[in-house]
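So the structure is just underneath, and the comments pick up after that.
Order of writing sets the chain letters: A, B, C, D, E and F. Residues in each chain are counted from 1.
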Amino acid sequence: MTECIQCGADIDLHDDLEVGEIVDCGTCGAELEVTDVDPVTLEEAPELAEDWGE
Amino acid sequence: MTSASVVGGSGFTGGEMLRLVAGHPEFEVAQATSREYANKTVGSVHPNLRGLDLRFVAPDDLESVDVLFVCTPHGVTMEHIEEYRDLAETVVDLSADFRLPDADLYDTWYDGHVAPEHLADAEYALPELNRENLAGADLIASGGCNATSTILGLKPLVDTGILTPDDQVVVDVKVGSSEGGAGGGAASSHPERSGVVRPYAPTSHRHEAEIEAYLGLQVSFTVHAVDMVRGSAATCHVYPESMPETKDLWGAYRETYDEEPFVRLVAGGSGVYRYPEPKAVAGSNHAEVGFERDERNDRVVAFSAIDNMMKGSAGQALHAANVALGFEETAGLEFTGLHPVGSP
Amino acid sequence: MTSASVVGGSGFTGGEMLRLVAGHPEFEVAQATSREYANKTVGSVHPNLRGLDLRFVAPDDLESVDVLFVCTPHGVTMEHIEEYRDLAETVVDLSADFRLPDADLYDTWYDGHVAPEHLADAEYALPELNRENLAGADLIASGGCNATSTILGLKPLVDTGILTPDDQVVVDVKVGSSEGGAGGGAASSHPERSGVVRPYAPTSHRHEAEIEAYLGLQVSFTVHAVDMVRGSAATCHVYPESMPETKDLWGAYRETYDEEPFVRLVAGGSGVYRYPEPKAVAGSNHAEVGFERDERNDRVVAFSAIDNMMKGSAGQALHAANVALGFEETAGLEFTGLHPVGSP
Amino acid sequence: MTSASVVGGSGFTGGEMLRLVAGHPEFEVAQATSREYANKTVGSVHPNLRGLDLRFVAPDDLESVDVLFVCTPHGVTMEHIEEYRDLAETVVDLSADFRLPDADLYDTWYDGHVAPEHLADAEYALPELNRENLAGADLIASGGCNATSTILGLKPLVDTGILTPDDQVVVDVKVGSSEGGAGGGAASSHPERSGVVRPYAPTSHRHEAEIEAYLGLQVSFTVHAVDMVRGSAATCHVYPESMPETKDLWGAYRETYDEEPFVRLVAGGSGVYRYPEPKAVAGSNHAEVGFERDERNDRVVAFSAIDNMMKGSAGQALHAANVALGFEETAGLEFTGLHPVGSP
Amino acid sequence: MTSASVVGGSGFTGGEMLRLVAGHPEFEVAQATSREYANKTVGSVHPNLRGLDLRFVAPDDLESVDVLFVCTPHGVTMEHIEEYRDLAETVVDLSADFRLPDADLYDTWYDGHVAPEHLADAEYALPELNRENLAGADLIASGGCNATSTILGLKPLVDTGILTPDDQVVVDVKVGSSEGGAGGGAASSHPERSGVVRPYAPTSHRHEAEIEAYLGLQVSFTVHAVDMVRGSAATCHVYPESMPETKDLWGAYRETYDEEPFVRLVAGGSGVYRYPEPKAVAGSNHAEVGFERDERNDRVVAFSAIDNMMKGSAGQALHAANVALGFEETAGLEFTGLHPVGSP
Amino acid sequence: MTECIQCGADIDLHDDLEVGEIVDCGTCGAELEVTDVDPVTLEEAPELAEDWGE
């Protein structure tokens, strides 16, 4: 279990995590980048500037 | 089984109440009243209840029952409260008649009260606010739909002191047409009501009183009718004394709602549904709450969305009854809503 | 518990399938696939499923399971059928890939078939039509939504010989936007798709093949897009050799559907909802069917309305799976729909 | 300038009539009646006419005028026809009171007629059908909206003999809520009327009489309410004795409508709008007509779409008045509609 | 006649621009560009323009013209501005590229500016704000739709000093789906976008910059998507230093707008339409503005409603061009909107 | 021409005004009661508590 750096919720991560992978927090939806796997370290993923309508 | 009857069963909240009670594992429907449709089948008014083998009775034919859900317009319950309490151990009223703590407030916001001696017995239904007092309550006052969405959106900020009574709060609400009840008038005819963004209560909406009573906050309230049938969405523009960090906000909301079965936090993330919206909860008893920080304006925007027919009335009433009677809190309220869904 | 996975879980029918399976007393959800959203939570796509603690997996990561519900576009299942049948005892396919009895028909109506050897194993899912063969079936082909509404509307007339293959039948269908799936295109953008009455399949709709295969009737089929998200409403204009009396029609419909848990007869009566309409069944697995006689034109008009996401796809699939696996037929399908409801 | 007054100016067609007359280069608005809103501004009822400096008058205060447009419910004009013809040289009636050629038909389809002696004077307004007789007409009967859409869709087939009175014709119509007029009732309240596909006239719709009278065809007619405010879309399923080729159909439609300023052919092509649809003509006096061949079923499907408030009532009435009075046919009717547009 | 071409003619504002220019007494349409639909008829994209005998050309084929209306996404005009100004005496840009007075602001709110040397030449299009500078302007920057509705709603309060830069202002906006342009994405598909109240820009909307630049006020801005296609409705919650009386407010609004041909005051009164709403102005170039006093909260609520395709873009652009070129201000903009109308 | 007591706009009144009649202002829509006809005097009409949906 790792804590989300945005909302503080526990993030349930899958096993074969790789550095550079983007995971999202199930609670707040934040996109987080895996920067280390042992121990797992997460940072906010670079903004994807995703278009969201209008 | 616990028997339950519905007064005002031909109305919108009454129909919803019947549906919920009929699907509840602990309840069985006894009677439903309607003056206009007495002796007609419930299914002739509520097509989704065609499977229910029940006909409306006149209010005078109401019999004793364990729980009475009263779904009539404002003013009816207060007039009949003695009779209702004689008929049933537990009375759950969906109107505004027993929501406010104080007869004076009825003078200010309504046209007074004719049975103020019962006010002290009434418990406000919202379990997120008043769970501890609901157990065993015998007169329950289900909250106003717009008050409910507003209270749920702001409560974490108040509980954690981020927001205090001195702070400025604007609440801009958008609601669906079922809020008007089955009666309707010219303004709620389909040609006039379709596609609107209509300021229907620009100021002085009565739910301000409820919010102030239960949240301890005076809010500037404005309600707009928009093109949906179900839903109340409150956008709360809040100016805290000192701006909280994002994680403080998450902390506040999680602390308040982490254990709540019917409140979901939705604040950002990816995909189409990033903030609370009524269509994500339509048909369900869930509330979505969330927020966004506005650094530039030292503002927190809190969003809250419910289905006014469910969390905003019949669902809340049943939830409170579950608490009052010691049933599983979520009993009869498991439906999670639909996706995709149009304008439910 | 019986384990179930959903291929195409990020799509519209896939999301509905997940909702139903998760709420079913006998099933537990194992996996849901999505190529686009692999590793994301199911709730990030389907906001009503935010309570579900599940993330999408890539299709390649599918594991063995009791039942596999396949909710992919036409062509995918036939390509993967060996793999799917290896993974699961029971495969329920929601696409058209195994609906037609005969490979030839796939040449005529689709682009041929790559696994015709499995066609003979497949059972058409509609229990009202094929209940006896569904028990124990291990490859189930859930019907087309418009075919389902049409078949249900006409079946009593065919069963009782009121309608014969020589008679003229016009089927004029009105459907919601969820029929197009989550993909969408320019024509299904909100500005272009709102408020339409748009002839989207004026002639030659592929569901004609299914109707002919299972009802034994050639029908003139035309489909219109209208402004709703869920729903398929079939208006069947029928010219029987000899005009039946009203009571013959009631007799036919009651005989066919009296024991059916999911079919309601609605034909006249009072109130607002006098004939079948999609919004009266939206969100539920019910079909409404009914009729009106047109003396002047020697015509019977048969109406049928379903929710395409439920009776027209995921609900029908689950209903068939219930029959196949010997569960209670209505298990997981109890929701009765809402009133009032907008354009669900 | 020609002066014009509107009886029933507070209604839906009356408001549209006022808008059109006020914007017409040859007309000036004299009076508009309303019993309910007498002395109120026209803009208080019709917000788009707030710029019009006019107040409603009671019907008794009507003064002499050049043209009187009567926009009242069925039965009112026939009762007042002497008075109206005394007040104005030209009376254009939008109700059904003078549409049918024969008093007998009023016995069959309506509740009889109280001024049958005027029937022979009346000209049916649809210029595409009756242009030659409209010039100089002094009693003009504007057609029914659904009759208009149907007649326009089928006329080319009848004119060219592709369709004969012996052939089977099913007309399946979809209409908006403004067809019900400003009155409305429970069935047209927003919560009940939103998102519907509702068979509101399954059989025996009165417009059958008009179609038969002016097209010489008996049609099987069924009307559905759908979720839009303006629009009548007729889908005509036709079984000609011998199937025409596509080019014969194009020939027929072009021959009939090539010179018509308000009829557009739309039959296939690319893009989102390939067949007639009401939202493509909403707000305008245009009709879209088109067709598709169904080889498999020896069927021609003819589509026709109009705005019931315009080509289906007020626009048609003004168009006919233009012809009657010798004005430019398109005067005051130049608006082409909007894109994009929702559910107008 | 003055010739005019439209760059981006296949888009939403481009189509509206073409419609307006084609119907304008002084203009004639020269060319309309589209890369995707080059050589196709304009009517194949905009069905209401089927009567227009015009095909799209590629942008490279643009020829010299009197006025060029540029209706492309943000960033295109600034890149091509030299070319556009070479082609035409008067360039009217509907994008944000020349709206802000200062290159710095483009760094803050957008992604910088590539042709800042033209910024000083540009005039903000809104005639109610900038009429005097528009006469003879050769580079005109049409305003943002939500900025326009907000500015129009607040301007009288600012002009009369009721509202000062120190006062708190919350602007809660509700918009239709056409704001997103013809492109659309998953969030604007019909199933996902129908029936929403969706916080699409909770904070930091770029129009804040425009409002601040032209009104001198920093506002807290939040934009919601609601279920309509056209429309921007701004609800401005304002806390003036000292509460004005009702007649002061009327005075302020009347003073500011009395002579304005396109602004209507709507504040209370009777009937269904008591405050500004987008459907009352849909299809027209009108703005409705109005207000309500909230004594209890020392708040003024100012409402403003426009059609984003008209007053919020193409209509405003044409209005400004009329002023710039010395035409009648209302030329080509006479359409008053429709009643009843659904969700236009 | 009489001035509206709510918004100050000129109200165009019809000729045969009677005391007690309710007239509405064309600008602001206010419902005004005629309390005198010579000269015309208007007062705010008693609130009609008109129901307006919801």
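To be clear about the criterion, contacts are C-beta pairs under 8 Å (C-beta built on N, C-alpha and C of every residue); 3 or more make two chains touch, one makes a residue touch a chain.
Just so we're on the same page, UniProt names per chain: A, F = Lysine biosynthesis protein lysW.
Values in this document were obtained by computation on a predicted structure and should not be read as measured data.
Chemist: Give the chain pair, either B-E or E-F, that is connected by more C-beta contacts.
Modeler: B-E
Chemist: Which one, E-F, D-F or A-B, has the same contacts as A-C for more than half of its contact pairs?
Modeler: Duplicate interface of A-C: D-F.
Chemist: Going by C-alpha centroids, which chain is farthest from chain D? Tell me that one.
Modeler: If we average the C-alpha coordinates per chain, A ends up farthest from chain D.
Chemist: I'd like to verify one number: the distance from the centre of chain C to the centre of chain F, where each centre is the average of its C-alpha atoms, in whole angstrom.
Modeler: 60
Chemist: Please report how many Å separate the Cα centroid of chain C from that of chain D, as a whole number.
Modeler: 38
Chemist: So, what's the distance in Å between the C-alpha centres of chain E and chain A?
Modeler: The answer is 39 Å.
Chemist: Where in chain F do residues touch two or more of the other chains?
Modeler: Chain F, residues with two or more chain partners: 24, 29, 52-53.
Chemist: So which stretches of chain B touch two or more other chains?
Modeler: Residue numbers touching two or more other chains: 12, 176-178, 180, 182, 184, 186-188, 191, 193-195, 227-229, 266, 269-274, 277, 340-344.
Chemist: Which of the residues in chain D end up touching chain C in this complex?
Modeler: 168, 170, 172, 174, 186-187, 191-192, 194-199, 202-204, 208, 218-220, 222, 224, 226-228, 231, 233, 235, 237, 239, 272-279, 292-297, 299, 301, 303, 305, 340-344
Chemist: Show me the residue ranges of chain A that touch chain C in the complex, using the header's touch definition.
Modeler: It is residues 12, 14, 23-24, 26, 29 of chain A that touch chain C.
Chemist: Under the definition above, what is the set of chain C residues touching chain E in their complex?
Modeler: Answer in residue numbers: 12, 176-178, 180, 182, 184, 186, 188-191, 193-195, 227, 229, 342-343.
Chemist: Which of the residues in chain B come into contact with chain A in the complex?
Modeler: Touching chain A: residues 246-247, 250-251, 254, 265-272, 274 of chain B.
Chemist: Spell out the part of chain E that touches chain D in their complex, as residue ranges.
Modeler: So the residues of chain E touching chain D come out as 12, 15-16, 19, 23, 40, 44-51, 176-178, 182, 228-230, 264, 266, 269-271, 273, 277, 280-284, 288, 309, 334-344.
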